[in-house]
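We call the chains A, B, C and D, going by the order they appear; numbering starts again at 1 in every chain.
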């Protein structure tokens, strides 16, 4: 029985690099993988691009209402890789889970755990319910601790409210900042004891 | 900066035994711990009881609308332990998180990940958002694989619908069954490929 | 393909409690487990006893030169549990590994990682080479951090030299103390920067 | 207190890519890291090169008898990264451990767990004794399972004996193959039940 993996982390932690490495590991052995990305993520278009400078085209760009099973060619497929999984719908996550169990194909999903308000994305919540393995990828808060949260900055100031998704490949790095729990509480939520 | 831990697992995986062991480890060194349980969990009353036969009284039985900070004596406190954390409210989880960061006291929570419908509990969802460590405790499906889901049986038949919580110390073991993903899909959701 | 698990931790972290919980989880489902202990561990004789007060008889007490395969009845066996695995020989660990892979039976081993000098035990070294999963059980240093090392005290003083094994059920708690890395460096190795 | 991490995996699992990602994560925030490699590893010379095509120069190429503390500039240092850590000496690992605890600088080591005979390297054994976190990076056996072992092939045949180290950048991929436990037992050790 294959597993459904969720590898999550704050922005800029290296999720796409990790995904591309796994694809490489399979393909080096002549095994077939498929890379899927939700079309709602406009960044990079039909490509996924790692901040280390590696890029690669996506095999399936999936719309929010589309069914995965009708798009995936399961023939000789060794692994399904999903980038930006937080943007998948609840029913797409359910499909991925059932594929891992009934088709016996490992599914490895990369994505954010929480939005800038600290809340689970729809896709993430669904994954938390069914994933076999929850694995955290680590990045660094500016205080040196592990960053777990994604703060949004507007005009240089941390904000707590706004739309969940502003995806803009060019400015993404400038307006989001990974923070540890303590910094998020103090700087964004402004809670003191 | 202390951590907020979420140690989850299916029913009957040994969460309470694990909690009691941690309490013992601290107290053996003369360190003070507090054990908290939501009052909504009627099982055992003011006690927590492990299926291995160990039991212990709870320090704080917390109501769904109560604030934790007003009930906890932080003086010389080394660790906060929470049992049945899935029944905590969203705002109680937020309190636990802030305590771990601003009071610098480790908080270790034990609870279920999902209800019998396979959905996150309110407390669990909130914990998934803020916990520093997500650690799974393992139990066994009757097929021999790792159990991740809690199926509910009524009159010996798996059910998909009903109230989220039926807590009744005496019959709990009889009506819930831990299942692996594949068995849950096949026996409860009755999905085939 | 079943896994070989190594669950290690410092003294008094709750290894035996965890083992007894796993045995209970299997047996509650009518599945058969076997508990093995090296005979070199005199503590408790043919019993294993948890510090929480739970005890149970061992199924196989294995001598340092004995072969495991000749002693284990594999018929209908669902899981092999090993306590005090650090005292197993290199070749016994190899047997356990091969059993997990070729008989397809999960083997879960509990034991210490290092002796009081901070060195791997023979059985531990062999397990580190072949185990599929390395999982740490946690206990607390008196400074409040995670304890990883086992310091030996003789007449109340930390010692760096001596025989690897002094096992004596009655005094074990008095003469060993779990310490975190920093305390071990400062108090036992007496290194300063 | 900072941690000493050991992130290990079979050959070609992506260790160098992962190291380069961490370096990038720190430097993107203006934090200083140092990358160390044992000089015994001739592959790439003063560079480390990931199989995904990313490369970078090493800061310190350390000889087997050299002391690390005399070579590292600790001024404003946020993280120490070590590649091919299995080739470090026992005393260099001890230095790294003490640095993490007494200088309070995180040290993240990447390397192989075992040689082609399935035995721990000297540096790996020492790390297993003192590392705070043991984290496995995963690659794939040709059977589709997780690869844990490094088999050596000479003229296309698996071998069990020979020198521990043959490092030759050009042919390394051709002569080593990552295998899962079962394939290693059956194909290299040729053990049957």
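Assume a residue touches a chain if its C-beta (ideal position, glycine included) is under 8 Å from a C-beta of that chain, and two chains touch if they have at least 3 such contacts.
Owing to the predicted nature of the structure, the values given are computational and were not obtained by experimental measurement.
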Relative to chain A, chain with the most remote C-alpha centre: C
Between chain B and chain C, the Cα-mean centres are separated in Å by 27
Could you work out how far the Cα centre of chain B sits from that of chain D, in whole Å? 38
Residues touching two or more other chains, restricted to chain D: which are they? none
Examine which chains touch each other and state the graph shape they make (line, ring, star, complete, other). ring
How do the chains pair up in terms of touching? List each pair. A-B, A-D, B-C, C-D
Would you tell me which residues of chain A are touching chain B in their complex? 1, 4, 97-98, 100-103, 113-114, 118-120, 125, 128-130, 132, 134, 136, 145-146, 148, 180-182, 185, 191-193
Hey, which residues of chain C end up touching chain B in the complex? 12-14, 17-18, 20-22, 24-26, 28-29, 31, 51-54, 78, 138-140, 142, 144
